[in-house]
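I have a structure here, written as structure tokens, and I will follow up with some questions on it.
By written order: A, B, C, D and E. Residues from 1 in each chain.
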Amino acid sequence: AGEPGEPGEIPTTYESFEDVLADADGQTVDLWMYGGDEQGNAYVDDVLAPAAAEEGVTLRRVPITDTADAVNRVLSERQAGRTDGSVDLVWVNGANFSTGRQAEAWRCGWTDLLPNMALTDQDDPLLQNDFGTPVDGCEAPWHKAQFTFFYNSAAITDPPTTLEGILEWARDNPGRFTYPAPPDFTGSVFLREVMLSTAGGAEEVPLDYSEETFDEHAPAALDALREVAPSLWRGGATYPRDEQALNTLFADGEVDIAMTYGPATLTDLVASEALPDTTKVLTLEEGTVGNASFLAIPANASDPAGAMVVANLALSPEQQAAKADPGTWGQFPVLDTARLDADQQSLFDDLPASPVVPSYDELSRNAHGELAADWVPALDEAWRQEVATTR
Amino acid sequence: MNHPLPGPGTGPEDHQGDTGESRSQRPGVDRDAGRERGLVYRRSVLLALPAVVPVVLVLGVSLVGASAQSLGLMPFIGPPVLSTRGWAGSAGELAKSATVSAYIAAASTVLSLVVGFAVAVYILAAPRMGRLVAGLSAATIPIPHLIGAGAMGLLLSDSGFLHRLLGMPAAFPALVGGPWWIAVISEYVWKESAFVALVVIGSMSRSMTGLCDSAATLGATAWQRIIHVVLPLSVPALAVSALIVFVYTFGAYESPWLLGPTSPEPLPVRAVRLFGSVDLDARPEAMATALVSVAASAAAILAGVGILRARRNVR
Amino acid sequence: MSSGLELRSVSHSFGGTDVLHDVSLTVPPSGCVALLGASGSGKSTVLRIIAGLDRPSAGQVLVDGDDMGAVHVEQRGMALVFQNALLFPHLNVIDNVAFPARMAGQRRAEARRHAMEYLELVQLADYAHRPVGKLSGGQEQRVALARALARNPRILLLDEPFASLDVQLREDMYDLIQNIRAQLAPTIVVVTHDRQEASILADSIAVLDEGRILQHGTVHQLHYEPATQMVNRLLGGLNAVPGHVSGGKHHSVLGQLPVQDTATDGPAFLIVRQEALRLIPPREAGSPTLKGSVSGITSLGARTLVRVSFTSGDPNPEPNPLAGKDPRVADLSSPDLSGPDGYGNGLTATLTVDVAGNPHLLLGQVVGVGLQEGRAWAVQA
Amino acid sequence: MTAVLPAKRPVRPGTRDVSVQIRPVVRAGLGVLLVLWILAPLLPVVLWSVAGVWRAPAVTPDTYSVNAFASLGERATLRAGLASLGLGVAVAVVATPLGFLGALAAQSLPGRRGRAVDLILLAPLAIPPFALVLGANTTLLRLHVPAFAGVVLILVVTALPYTAFMYRSALAAYENQFEDVARTLGAHPRQVIRHVRVPLLATATARGFFLAFLVGWGDYVATLLVGGGQLTTLPMLLGAAASSTGNEQLTAVLSLSVIIPPVIILAAFGIPALTRKAVA
Amino acid sequence: MSSGLELRSVSHSFGGTDVLHDVSLTVPPSGCVALLGASGSGKSTVLRIIAGLDRPSAGQVLVDGDDMGAVHVEQRGMALVFQNALLFPHLNVIDNVAFPARMAGQRRAEARRHAMEYLELVQLADYAHRPVGKLSGGQEQRVALARALARNPRILLLDEPFASLDVQLREDMYDLIQNIRAQLAPTIVVVTHDRQEASILADSIAVLDEGRILQHGTVHQLHYEPATQMVNRLLGGLNAVPGHVSGGKHHSVLGQLPVQDTATDGPAFLIVRQEALRLIPPREAGSPTLKGSVSGITSLGARTLVRVSFTSGDPNPEPNPLAGKDPRVADLSSPDLSGPDGYGNGLTATLTVDVAGNPHLLLGQVVGVGLQEGRAWAVQA
């Protein structure tokens, strides 16, 4: 953010990255991102921000508990007609991105300017669509993630290998399984995975949302969840508020299986003993959903050039490699190895392996893409109506 | 005949409070009194302005904004379209949420008053230990509800501190996320009772000790002194704090969100969830929910202030 | 320094109840008026109105002829010592007394020095640094007095200022007030229930009853020439013999007594102060007495009240029994009890006599009563 | 209250009123219960702040560590602490006098108008903070109100009910007669306020100021949404830390860092003032 | 119903300052003791300790021989009327009076009926439904009295209960107390500054000074045989002539006067009450007088205090000038002023004489002073 500009000012457009660099010099970029991830915070503060400073950009991290807060802020500012927005860059994906797009809150068409975009695979579906919403150059990829289950190997010797198996295991072990209540991000994903599973596979459900397809596929999933509910933790009378609450249950031995959309964090959680060292990742035969997360620039950002510089920097092999180090953050890179030169490749090859989390290749075997964002609220609301309130 | 005009800055209580009504012997008197009452009145209004104006402005803007959003008149995207969907679409859920909120607020208020008054009396009655309790109780006031709720969660949740202290019995009740909102209410009572005690002690005049002595020599036991002297003299303070506690717990979000069950949802939890929803169409509904909470609280305040002032006139 | 004070037809009511009716009162500059009156008669209200704390519902307060209506309390240059001391609880003793000086803009040290002098006057210099909550009742009253004096007022209003002081201290305080009067000569209005105090402090006494001024006159007038029986009672007069006045004489069980010229004919009480009567041994010759029998004895410590009952049928051998040196005293031997309205035809009357020490009398004993300085006064019944 | 002091002298054997002897015991018991009630929820927080690993069913932490305290020394944390302090003081400085004026006006205005002022002063309580903020935010942004000023404005409105009602209840117990005395002693109205009313209402002022300070010191929602990221306060750090797994220790430490400074203020000058009876 | 009350060596201090020293006091069942004492001498503290509101730092309070140490205030069956009324502000007048009955478990209607009777006793039935904030000072005191009486206490403690009542009402209240004593016979301790009140109400008077009991005796003893000059002053005695006692006689400017047998030799004041003296016209024959000149006149309204100064060189033509009927009065013609310690060698002495009415004297006028009932009493100086 910077000096308040006049309302109604047209956002500057840039023709070349040189222009961007010129403009960016001396700007202060406010990066709004979820602040609950200590490793993430440390990476931005200690690795990314110094690198940005070398390019003449001051990077300031604004910690928030929920990305929706950032989107709300941008929307409010736009509603008020402010062009000197306080948000310059957001770590975003999925529904929040889609919301912003609906509201035309993002600056678009700027990613092609970034030199480092050339290192990504332009055809990678994860980078093309964000939860079914075309990216259209409105956000620059940052890292990839894979929905992952994990279990306590001290309690379960013979873990299930499919989602159906997990539900069956839950029925056989009353009180030992639960999932976060949607609209928690992780809980929502679990819901969709169950739907894909009850539908007979990811390919059975079209990515695009329509009421017909919803009516066709959702009921089976909801039935399955309703059926398993009595066997869940607390008999399904209540659900953990969010992924963090589920993790606490897992750590305290209340449940034996948990899940996350950010497997990168598991390494550190186990290392710091926040999770038991018997924690093991559970890979499903049918694969799980994967996504990419991005850095987006609001249309009214007051320092867009600086934001672009940071986004470009974040895509550099050095930063991507540093970020992929499980000791730093462990986030899966978005770069296409094929496009890197040998030196750059070696940066990644030299990374230590995580003792808990398998490699991205292994995790993303049989992976499928996210459904369109419209699915998310529809399913969440249906779950609230039919599963959450029935007990 | 001229009456002394009250100087600037003092309240009209200098004049026994019953200005006007009783002075009607002479026509001139009435006129003067009337003029003066006008002055007192105008000065009081001036006094009120610095406080009232920001409140009215901020609340007015907020309420108008919220109402407009609830009616679809202030969408983030697209043209404004008047619609009552935010209200009518979920009337049943709104009612259910309102009931839950009312339950939490009522239970928390009653218990806070009881505990708060007990703390206040204890502080008055026990010289040494009372000071400790007073200090500790005052020390809980700075704790934000969010932290209080977190702490209460650590204490009361399944395999929380209490459960562990008791040796992890299987029959440990569902305090956090259970059907009776016990952890939520505990947190409110824990925090708000300290507030009640603060207000009650603050309202006690110096003569309280003398009056208790007086009551004792008239045969009132310690308990009777509390019930028949301390309690009635604390009623105004208790009433005001009851109002504040009720309205606060009715509209607060942190505790029920952290410590309550997934369903049913109190009004504020529902409003926040809907407001944060990725579906922009949920905003009108969020605002409608918030406005129901506002309306209920406003009704409570209206009733409370009415009762309070009526009581004061009786006294 | 001092100012004349005048109340002109002041009335006051508290929410419908009339508390003062048409009260008029004049206090000359440097004068001191004592306000006497029954409990609840409106004395404190009068002071509050003078001070400007309550506004009268009608009438005016004038100081040196100027209407105070528009003058603020604090500009009236008056000080009021309240019935309950009302010391500021947030200030200690000396700072309470220093308050007026502070308000007048003096610096703290100066104001305290000044205050200390006044504390010495009320004999509380040792208590200067006490919190006011730790004083006895009488100490509180004295601090309140010192505080009011420290204001150096033109007009000093005192509401029962010495009620909780012991005799000795009270006398010291009387001296203090006399000194203040001699030196600074403020105009003073003092409310008291103690007519002795009123007599000592005040030039004149005003008697208030149910919000009306019954009489305002000198100490002597009020004692010996009360306007009404109520005034007599409020001044501690115990003797009011019912009867009636006709032809300048009061007729009662006691006989006929010439009374003041201004007495109008009709039913009337004969007022004789108990202090003006004395007991005379019946045998003692040459002293005109009225014989009666002792019907009650109340010891007041150093003095004793003896009630003597008279019956109209009593033999009254000596003529002019009440005739002392006063030529007005007339023949009581043939009392005319047949007043036109039949008033005063009670067949017994009681006189209370105030005697020194213990008279060693028995109930029923026959004694003579003589009027020490021969005074008789009739008031309308 | 001397009246309920325990009897000091032991009762001679065989005399009455044994029940009297129990009362101090009951009272001590009650005291212990109250202390427990107040401290119980804080205990796990304190333990967590020094816990390394602490998993059920361990009653006390499995391992101890004070690592998280190091984060308190970080520049960002200190800056956040300063920001919180500034916000709290700003809110209190504005809301306390406004609350006083409002309370005075509410008390002196007759009937319906007085009630109206009372209602208006209490009204902010009725509006959940997020609704207040979201409703007002657009307008604040439109008017280009600087972030800090906007946050302070919103929080002042939130804090007003507290300051106003501290004064309302103190004024109810207040003896107007003291003002009468002062005026007869020559104090003009402004002096009456300065030398009588203000000191007699000092306790209420301390309380009101403190509560208003806490509104600013502990705020999250308004700081986030109105402050627009310009203002990073302790609660913002805390909120972020609390929303993830494995951060219990940091969360606990940050919680303590939010709680302890006001408690220190309280202990330094506040406790007597806050727990004392009203002066008047 | 009534109980004996005893204080045994009660001491008390407020945070270091000793307020009571070794106070012992016995009040027999149904007895009434008046506590007299200077302001701040500890009277209120004594009552609070008896009531159990303060615990003495040493000593015991016994009721019927039982130590009250462990008995709670409310179980002591006492009622205390405080110096400042301390009415409950949240209750109106009648509910204040009904309070004790309510505490004893009576229902509201019953308690109010009961309370109404007491309100009638204090003449405030009309004020039953007033808020207590709207009473005058005297009305408050009476409500407090009614409330205490309504408790029907075994022991009634009154702290200056009638200080703000007018004479008439005060007398009514005395009657009320007498009635209560006659009917219910509670044991009473009453603090007062009015020795007349003390004389009327109490069987005996205890004088407190600086936290010590100086004397406890009958009304007569305290007036005429005070233990110390302080007691004399507190009881309003104005005459204390310095001199010394030797050989059963007091030597002073006034001459030699036989005093009580128990007087020890040494410097002593001669105590003569002003009420026991009278002025005698110097010419009046046959009446032994001491001649002096009028040095001051203070009007007390119905009475007057005349100060008469005597010089040792004054011619005293008549022998035995103070000799009334008292055989103890001795020859004053040759006063021996050479006490061993030189005490009492002042060459003038002043006697104050209390006379009825206005004696019409001039300053400097020579008058004779006679002892009405011949009393002389010496106390150690």
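Keep in mind that, in the parts below, contacts are C-beta pairs under 8 Å (C-beta built on N, C-alpha and C of every residue); 3 or more make two chains touch, one makes a residue touch a chain.
Model, not experiment: these values are computed from the prediction.
Engineer: Suppose you hop from chain B to any chain it touches, then on again the same way; how many hops at least until you reach chain D?
Structural biologist: 1
Engineer: Quickly list, by label, the chains bordering both chain A and chain D.
Structural biologist: B
Engineer: Counting only C-beta pairs in contact, which pair of chains has the most of them?
Structural biologist: B-D
Engineer: In whole angstrom, how far does the Cα centroid of chain A sit from the Cα centroid of chain C?
Structural biologist: For chain A versus chain C, the centre distance works out to 95 Å.
Engineer: Distance-wise, how many Å sit between the C-alpha centres of chain A and chain E, to the nearest whole number?
Structural biologist: A distance of 93 Å separates the two centres.
Engineer: What whole-Å value do you get for the distance between chain C and chain E if each is reduced to the mean of its CA atoms?
Structural biologist: 21
Engineer: Let me have the rounded angstrom distance from the C-alpha centre of chain B over to the C-alpha centre of chain E, please.
Structural biologist: 57
Engineer: Quick one: which residues in chain D touch 2 or more of the other chains?
Structural biologist: Only 2-3, 5, 56-57, 134, 138-139, 175, 180, 183, 188-189, 239, 242, 279-280 qualify.
Engineer: Would you pick out the residues of chain E that each touch at least 2 other chains?
Structural biologist: 52-53, 72-73, 84
Engineer: For chain A, what residues touch not just one other chain but two or more?
Structural biologist: 66, 69, 72, 79, 252-254, in rising order.
Engineer: Okay, in this complex, where on chain D does chain B touch?
Structural biologist: 1-5, 23, 27-28, 30-31, 34-35, 37-45, 47-48, 56-59, 97-99, 101-102, 104-110, 113-115, 117-136, 138-139, 153-154, 156-157, 160-162, 164-166, 168-170, 172-173, 175-176, 179-180, 183, 188-190, 192-193, 203-204, 207, 210-211, 214, 217-218, 220, 235, 238-239, 242, 251, 255, 258-259, 262-263, 266-267, 270-271, 274-280
Engineer: Across the complex, what residues on chain E touch chain B?
Structural biologist: The contact residues of chain E facing chain B are 48, 51-53, 72-74, 77-80, 82, 84, 86, 88-91, 99-100, 102-104, 131, 147-148, 151, 157.
Engineer: Per the contact definition, I'd like the list of chain A residues that touch chain B in the complex.
Structural biologist: Result: residues 66, 68-69, 72, 75, 78-79, 94-96, 98-99, 102-104, 181, 183, 234, 237-239, 241, 249, 252-254, 373, 376-377, 384, 388-389 of chain A touch chain B.
Engineer: Quick one: which bits of chain B touch chain E in the complex? Just the residue numbers, please.
Structural biologist: Residues 207, 210-211, 213-222, 224, 228-229, 232-233, 235, 315 of chain B touch chain E in their complex.
Engineer: Could you please specify the touching residues of chain B with respect to chain A in the complex?
Structural biologist: Result: residues 74, 76-77, 158-159, 174, 177-179, 257-258, 261-264, 273, 275-280, 282 of chain B touch chain A.
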